[in-house]
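Chains here go by letter, A, B and C, matching the order in which they are written, and residues are numbered from 1 within each.
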């Protein structure tokens, strides 16, 4: 006559109450009283990741590194030249294209150098079929600082440091991956609309020239100029910040790079 | 006493309260599972890879990009930086923070459910326990037994505790079983990082320890249970004070929602940390997320909740044993 | 029969500075049925709720079977079975489950005892159905079964015939009488219906506006003097004249006047009325009903 179900329910509840009570006191204990004890991370956990490095290697893997240009700042669709490039490549090819966009806004060559020392980035660098690189813009323009005093004494140390970083970056890339084609995207002059065009353009040209020289030191690195693209109608291709390209500007870069990729 | 608890349990079951909760949970979990599955799928599509390292790296890059935007507030920036440091730690130590699998799903489900969903379920039980006797008139029969009033109330309170435990059992079992159908049942022993502490906005990793996921889950359940009990106690008190299930649930719900809103604004109103609603995210301390108000710790939150709970319990007993019943 | 099961002394209750119950004192002997009579709002329910421990008295004491309710709640309530207002049971449980539920709250109620009370109230056939399918009469009976579970010495029933049909009322009445007679139970019944109390109770306490006006046995009440009922026109004139000769026990707006019946004086009163210009439409003598007396005691206040 007695409802067995209730008794069972009650017993289960009591049992689980004890379990929960245990969980609570355990959490309390380990959080409040043992937190001073520094627990070493077990080594084997870090190391036991065998075989997983080689993920499915079908299709093409493109790794994009660099600054806001890689990010796509200024493109209202958010794609940037990378996104548009992938779209274009995908329309031409049936192969599966995998993109990894590691661009960080405002990144300088020094920051990129430390970024590529990260383990995961290195893993991706090793696996990439193509590596796209935009760097140097932030080194040179320093968010407009350089424009205040575009004198050789100001530019020279910047350029020197940049070239050293670039060399190291490319060195790193080449060491990790001998086969990938690396595209180094050159700088354009966003200030060609200013009165001082001649002077800034000269600086950018010089910068680009030195960059391409460094690229030439390594095999399979293609230096892709963009200076000419923005030379005449800069304002049509620039975003409202007068610094980053707009959607159309990115399309120009993307088309140029796309024409260089063939598989 | 056990007979009285048996009585209360019987009524709870026959009023179909337990069934309602099981059904709600059983209906919602597949929904969340599907959503989670969809999220995993989109991420996969977007990145073209199922490799979690790539995903995590991408997240880090995204976070870094957000950081470089100048429009974010200082508090927000701090939170992001902490998140970033944590993600980097996972990556550097080759620990996947979200191995898709039943335990991981349950873990994140509990994290999400602790502020609103579970308290709501608790209220379904607790708010009704006393006020239904009033509205049904049966309180008159109940209180004219040769049993002291505090014993009757205690039996109801204990029943509430048991029912909350049972509800958590149902939630964890159902979410494991259902999500396991999609994500698989692996990952119980996966190492999970805990013990991040945030001091002055800086992530301190010196106290970090690794736990198998099931241990983490157990601790998390314990904390969730505690939160549910406090919510239960407060709804219990309200149902005694207001003598109406609907009014009790309404007040409690309004408070919880207000709390959810306040949590996002509390960083500038420091004394808000003494409100119980802002201390519900106990699991965040385990996961090492920044608290709503700087300087809040697990110990602090537990104390605040305990004080509220005890006050609620005391009020309940005082009012219930003293009050005239008309 | 002199054992006093319930003793109430100077019971008062003040709610928000309004005295609901004033200085109530009465007692109940074993085996007697006591009627608690009064109009709605007279304080009956409040008194009963104080007796069963739902409301704390402002002052005064209640003793059930010798135990003070305030200090020995458990022992006192062990002697008590009650229904306050409607017997509201759990509609989502069956009759049997309800009884088991309440049996678990008492000290030692055996399975046999449960079956026994079910049989006593005649619910054998429906006891396993859910209470929400019960008629009011069945709920009332289940309520009584519940009250009887613990073998109480005192049964307190608040308006036990409320909402029952005439057959149900008669059945309930017989049942209560039988309980008192065969089981020696004391029963306290509250009602606002005179006819019911008159038929059911041994003694009656009449309460109005929180005060106990009169306690007497029903027979004693009814053995009082015969009354003379006058129907006259114009009433106010007749009243004026009669006041000079005898006591006015009651009057009503439709020209009825009640006076004591005194055989030797009736013809005299009759004559002076006629001489005074009063038309006498009707005069008859009869034994007063509780209704008449209630009107007299409460000063013309009607019962409903």
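Throughout what follows, contacts are C-beta pairs under 8 Å (C-beta built on N, C-alpha and C of every residue); 3 or more make two chains touch, one makes a residue touch a chain.
Per UniProt, the chains are B = ABC-2 type transport system permease protein; C = ABC-2 type transport system ATP-binding protein.
These numbers come from a predicted model, not from an experiment.
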Give the chain pair, either A-B or B-C, that is connected by more C-beta contacts. A-B
State the chain with the largest centre-to-centre distance from chain B, centres being mean CA positions. C
If you average the Cα atoms of each chain, whose average lands nearest the overall Cα average? B
If you average the Cα atoms of chain A and of chain C to get two centres, how far apart are those centres in Å? 91
Measuring from the mean C-alpha position of chain B to the mean C-alpha position of chain C, what distance in angstrom results? 55
Between chain B and chain A, distance of the C-alpha-averaged centres to the nearest whole Å: 37
Give me the residues of chain C that touch two or more other chains. 97
Residue numbers in chain B touching two or more further chains are 6, 10
Residue numbers in chain A touching 2 or more other chains? 3
Which residues of chain B touch chain A in the complex? 5-6, 9-10, 13, 18, 47-51, 53-54, 56-58, 61, 64-65, 68-69, 91-95, 161-163, 165-166, 168-169, 191, 195, 197, 206-210, 215, 218-223, 225-226, 285-286, 298-299, 302
Footprint of chain C on chain B - complex, ascending: 3-4, 6-7, 10-11, 14-16, 136-138, 140-148, 322, 324-326
In the complex, chain C touches chain B at residues 49, 52-56, 73-78, 80, 82, 84-93, 97, 101-102, 104-107, 146, 150
Would you pull the chain A residues touching chain B in the complex into a rising list? 3, 5-7, 9-10, 12-14, 16-17, 19-28, 30-32, 35-39, 41-42, 45-46, 49, 55-56, 59, 71, 96-106, 118-121, 123-124
